[in-house]
Amino acid sequence: MSHSRTVEIEGHIIDSGTMQRCFGAVMDLGGSFDVEQFDVGTHEEAESYCRMAVSAESPETLQAILHELHQNGAVLEDPSDVELVTAPADKVVPPDFYSTTNHPTEVLYDGEWIDVERIEMDCALIVDPEGGPDGGPRAYTKVLNAVEEGDLVATDQSGIRVNPPERPRSGGGAFGFMQGGVSSERPSESTIREVAEELREVTEADGNVMVVAGPAVIHSGAGDALAELVEAGYVDSLSAGNGFATHDLERSLYGTSLGMDVETLEHPRKGHKHHIWTISEIIRAGGIEAAVEDGIVTEGVMYQCVKNDVDTVLAGSIRDDGPLPDTITDAVEAQDAIREQAHDADIVLMLATLLHSVAVGNCLPSTTKTVCVDINPATVTQLLDRGSAQAVGMVTDIGTFVPTLAEFVLEGEDGGIAVADGDGHPHAEEE
Amino acid sequence: MSHSRTVEIEGHIIDSGTMQRCFGAVMDLGGSFDVEQFDVGTHEEAESYCRMAVSAESPETLQAILHELHQNGAVLEDPSDVELVTAPADKVVPPDFYSTTNHPTEVLYDGEWIDVERIEMDCALIVDPEGGPDGGPRAYTKVLNAVEEGDLVATDQSGIRVNPPERPRSGGGAFGFMQGGVSSERPSESTIREVAEELREVTEADGNVMVVAGPAVIHSGAGDALAELVEAGYVDSLSAGNGFATHDLERSLYGTSLGMDVETLEHPRKGHKHHIWTISEIIRAGGIEAAVEDGIVTEGVMYQCVKNDVDTVLAGSIRDDGPLPDTITDAVEAQDAIREQAHDADIVLMLATLLHSVAVGNCLPSTTKTVCVDINPATVTQLLDRGSAQAVGMVTDIGTFVPTLAEFVLEGEDGGIAVADGDGHPHAEEE
Amino acid sequence: MSHSRTVEIEGHIIDSGTMQRCFGAVMDLGGSFDVEQFDVGTHEEAESYCRMAVSAESPETLQAILHELHQNGAVLEDPSDVELVTAPADKVVPPDFYSTTNHPTEVLYDGEWIDVERIEMDCALIVDPEGGPDGGPRAYTKVLNAVEEGDLVATDQSGIRVNPPERPRSGGGAFGFMQGGVSSERPSESTIREVAEELREVTEADGNVMVVAGPAVIHSGAGDALAELVEAGYVDSLSAGNGFATHDLERSLYGTSLGMDVETLEHPRKGHKHHIWTISEIIRAGGIEAAVEDGIVTEGVMYQCVKNDVDTVLAGSIRDDGPLPDTITDAVEAQDAIREQAHDADIVLMLATLLHSVAVGNCLPSTTKTVCVDINPATVTQLLDRGSAQAVGMVTDIGTFVPTLAEFVLEGEDGGIAVADGDGHPHAEEE
Amino acid sequence: MSHSRTVEIEGHIIDSGTMQRCFGAVMDLGGSFDVEQFDVGTHEEAESYCRMAVSAESPETLQAILHELHQNGAVLEDPSDVELVTAPADKVVPPDFYSTTNHPTEVLYDGEWIDVERIEMDCALIVDPEGGPDGGPRAYTKVLNAVEEGDLVATDQSGIRVNPPERPRSGGGAFGFMQGGVSSERPSESTIREVAEELREVTEADGNVMVVAGPAVIHSGAGDALAELVEAGYVDSLSAGNGFATHDLERSLYGTSLGMDVETLEHPRKGHKHHIWTISEIIRAGGIEAAVEDGIVTEGVMYQCVKNDVDTVLAGSIRDDGPLPDTITDAVEAQDAIREQAHDADIVLMLATLLHSVAVGNCLPSTTKTVCVDINPATVTQLLDRGSAQAVGMVTDIGTFVPTLAEFVLEGEDGGIAVADGDGHPHAEEE
């Protein structure tokens, strides 16, 4: 095989599966490898190092192999500066532009590796030679529709280094390392307890908890529990849709969700117009915040979000009724708002919504902790497939998950009731 | 259309959907009807009566229509005595024998309508002319493999009357009237609360609660809650398989279920041999009861069943390991045991098992209340499809359903803790 | 019960289940009824008539019952003209405005029943006293966000008559009458054959076939078959999303779908950037039509849609990459475009997309034939739940459904190959 | 950490994931490792070798780690002969007996590594010191209920070596290497084509094709296609249940499956008694073979199995009607019959049955190729989870899968029609 290049890979590359994937990629794509040096970390804290020559019959195959190795963290033995091409027009990237992964990434510019800011998958990678705080270079991502004429866009992977997540050095509890597997027979209460603890820890450390919620949260009767979590200060941002908000507001206005009394199950037929009437009431009031201020809306998740200044994004969809005046109907505008929420999040709870969870997942770096809960195993699988390093998927009924989670979060470990103090952080109530 | 017969239908036949199904059957099968008399019940307690002539082009089509009408409760205007043919050999029924529905049924014998005992679907209907308590006739069902040479087997529907369930005169709460529809977005806690109340009512009325449980009950961590319900006297019979019992016993012996610590989630790998070791321990002890007596098994569902004299059937299956000495490996023998349990039950809880639930459902009359819980909507749909008149299906995680149910049952309405008194019936504990 | 009103119901009200639902509604809601007259249609073509007094303890309960009866086609014995209130501002409807069903509807205006145009669920019902073709009154629906200041909006149901779909007088083949039930064990090829025949019939009668398609159509390898149907003239409008179009275009540009070679399964890793590169190529070309004209896109569904002038709507979503320049990113604008497609359709094929199918279903009257195909039973159930009178749901793999459907459609009954002639209608090719 | 042992691991241990799992096991269980030697295979054909010392705080933890490493193919640096204990009674194994994996296994006996015959998971490992062909030692597995008093049962893993499957050196097409992942969006026809080719190759090489089939195969209309495969010589053994056989026989006797005409969909109501009548007809005939010989059964899968001497096992279950006289009702007896089929199989097709597939899977070594097809992703996932090295899972409709598979198998590559010649092997028919 006449075409060959040498790459280097280092880190916890055996136990994180990196070497398995790299060797596998070479073989799958029909190439061959020649390991020139392999220093195996002799104990669990020691990193390993591999240098190998990779060969292929054709330059195209070699390129495909190198691309795959690159995605797994390999760099050429002799990397050159990242190649940059000027964007010819707004929203137009150069052909063969470098499309980002969601892993932490560096670019080699002017002989130095610099971190890429706001990492997110499927973006263009822009280098601004003088945009750094000290007038030095700065690198960051841009989604296609944000690219502007004149942007310097990376086009070759040789000057780019990807750092895929490594296996944590300890067990990791509920948050497994890219396990991917989703089972509907997993223990429920004990896993929820671990998620609750994680939520408490993030909040106590002044971190950011993002909740992505679908309408089933309300319809299944879990709205009160989520509202409690918001009120107690455990939710920093809420990303949802017009349907979620309408269901929640309908509960406050009529005590129903899609016309069904969530408490008593009685008279399920009486109120199937409540949904559309709710929307028209909020339109008349001028929006959700106005409806809260006017005393029209007096409880529920949206009420608590207004009262507790939770950063809320309601993204529109073609299946919406109404929509509510608060709903961002333009998809690109909504994505931009969601992107800001996602980049700020330390942990994301995805509750019974595929659409909004995928939208959020698209913006998340692989290092953000993620919890996906849905009764449909296919939904959970699809969300976990997006490569979050530390993710837990639960196939369970949202109507029992959220109340149980809220109970575990709010009871705390010492049995006290946790409530938010003035600065929005929860503390155990004194007894 | 030259072939015609006249039938009568009576009862709450409009609001129970009977007339819709009857008219529909005639039209679907290409016949025509001529309503000769229709007395509509003028208020909700008044029954209706319909007499109509049904015609078809061919005797075969007419027969098919009459068969369908029969299943929905219609009887010929001029019914004759049931036709009986002697079974020629053991397990062999006459050709075109009458195969039962699961609805309450009567046969016209010697000019009198007599009730068919032990009604169950897909059975032969046997009449014993002198088998009644007073030497009069008796009618009952037999599964095919129980038919004996000489049995008098019904072969024609004209002397048989089926009484499909009618819509209850009031709303009905969780237990809907053949609604069939199963949604994964239904409210959870409120429905569970209604099931809990039903369980309490049945038990307080000295009724019989049957639990059908799959291994996921244990593996999801719900075993303790089910054991509590058994201990408190809310379970009269348990129908399960070798896997359920083994998982439960493994928890008592090793604290794991299929090797995973259900509480802590830690060290999931340590114990994947516990399953098979558990079976060999019970074999060595000579069975579950012996293992309980020897102090080898000290907690769990099977332990409580032994201690509380719960009627337990463990039915074998080709996927079993072992099996345990208590497992009935012959399917026909196991069915006979399950049949006895099913006929005694006033309410059946089907928890996360399709196989055992179908086996039980096959033996149940349509009048027995049924609760089906599974995380797979297809399982719940299939179980509710079997025509139970009062059934509730829940698509939810069994690992949260059973603990929540137990909590609601045990807390009762007055806040007291319900426990079993000497005669096995629960009462609220005095405080 | 001191509060009472008399209503009339007529039509095939027994075999369509109308009376069952009406009697059930009264009982469920705690009222009582007194049937004053009931003329039962004595044969299958004869309609029935019912007049009954309905009573309830409170005016609220009576109102709830009457509302339910109204939805099922009942009218007050003494209906008055529809009550109209002027919309106070754009997008603002009067309180308690009448919200439409998706069934054919009439309003009583100036003593005459007039048909409501463009019927669609959850809309306001507008009457324009002089908007008719002859200067007479006209009634039509408007979604909330289209309501304009000054519109005359209906607010009371008493002058409105709903006509829920009735059971067809014959069997109906694949297109059952609101059966709702969805089974994954239904025969496949024979049902697909019936759908194919329906498609041929609609097209031959110059009807309108609307296809709603999700990305799985392309990813599962069914794109070629759908493109063939478009090319042969069997698709009049296509409603899809940015993802569907991008997958399809990626196949034309790179031979892959989300990077996987749909034919060979080989080298699945090579192309996971093709998706985003495809979008940037189309942006560069200025849109799909331009890319087809420039010879960049040379095959596939989108190519055939451009070439065959198929009315195509690509609706944006927050999970989109890019998006393509052709994608309508504003949800309200996209809904309006989808609404036009839906109102023109005679039959709608919903292929492996929940989001777009729900959006289309929201705009469809209950009389439009609908075929829903998805591998997830929950998706099919949800779509069929929307009350289409003639709908068929299939839980099956879209990757085999579409090719099989195309084969059956294109082979026709005489074995010839059907292709589109000049006017866009297919004919059997001469051999 | 004061407790320590040294182990060796060799083979393609990096790209097969073995080292990742071994390092992970040590860390997950709280131990530590010290790599003493690691020779990395420098190219894809070269094997690697690792010797490492493993330490833990307690002997129990060390034991747990060693157990896990053992399962992944590690052996102690200084292995001793396998420890054998005599079984004290029939069906009773010694405490802590060695329970087998489904991977190829060797035992060290008298200083020599000998292969374990009939490898299967969760079995006892028996050594017969003089049972070999030359009077030497022989090792084999026994399920618990087959253990006899006096058997020499292995109790310690130190003299046992497990050989987990290694990554094939080439890509592998449809049959991926323990990928596990199951997607409902995978391409369908191309994967089916690869399975078809595999089936042809196995059959042409005189290999053994085992089909495991559920009732949905018949009910979905795929019975004819399966019967064709049997007739053409592509099926060597069939493992199914009473339900599958009854549905298939009902089609031959009445043209229906559970009463529904699989071809026309017409008159679905007419025949819901056919199922039970079919069983009684076969009972009357004395069994399936007798019914074929008597001309009662004239087509279908069971007919072809009788005519083509296919090794058929019908295993009973508690949900069976009847059962048929051919059904083995005792679960242990049925397992023994299934075990013989499974051990003979070179490739296993699992078609739309969880119960029978799990039963078969329990008996399969990890080296047998397996194809699982079901419309429920959870079923496919569960079956692939059992550790088959080369498995393909497809979430698709069995009603289109089997006909498509049969078409691809029977058309062959040269376009000829393949049929079985005298010796049961298919050949292309001469034209």
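We call the chains A, B, C and D, going by the order they appear; numbering starts again at 1 in every chain.
Basically, contacts are C-beta pairs under 8 Å (C-beta built on N, C-alpha and C of every residue); 3 or more make two chains touch, one makes a residue touch a chain.
Which chain is which protein? Per UniProt: A, B, C, D = Ornithine cyclodeaminase.
Model, not experiment: these values are computed from the prediction.
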Query raised in the report: Taking each chain's centre as the mean of its CA atoms, which one is farthest from the centre of chain C?
Result: D
Requested in this report: For the pairs A-C and A-B, output the one whose chains share more C-beta pairs in contact.
Outcome: A-C
**Report entry** Approximate Å spacing (C-alpha centroids) for the pair chain B, chain C
**Finding:** 39
Report summary line: chain A and chain B have mean C-alpha positions lying a whole-number Å distance apart equal to 45
Report summary line: Whole-Å distance, C-alpha centre of chain A to that of chain C, is 34
Report task. For chain C, write out the residues touching at least two other chains, lowest number first. Result -> 28, 171, 184, 376, 378
Query - Sites on chain B touched by chain A in the complex - result: 171, 173-174, 184-191, 194, 216, 219-222, 260, 262-266, 375-376, 395-397, 399-401, 403-404
Query raised in the report: What residues on chain B touch chain D, complex-wise?
Result: 25, 28-29, 64, 67-68, 91-93, 95-97, 99, 122, 144-145, 267, 269-270, 273, 275-277, 279-281, 283-284, 315-323, 329-332, 334-335, 338, 355-356, 358-359, 362, 376, 378
Query - Residue numbers on chain D that touch chain A, as the complex places them - result: 14-17, 19-20, 23-24, 26-28, 30, 32-36, 38, 40-44, 50, 167, 169-171, 180-181, 184, 377-378, 381
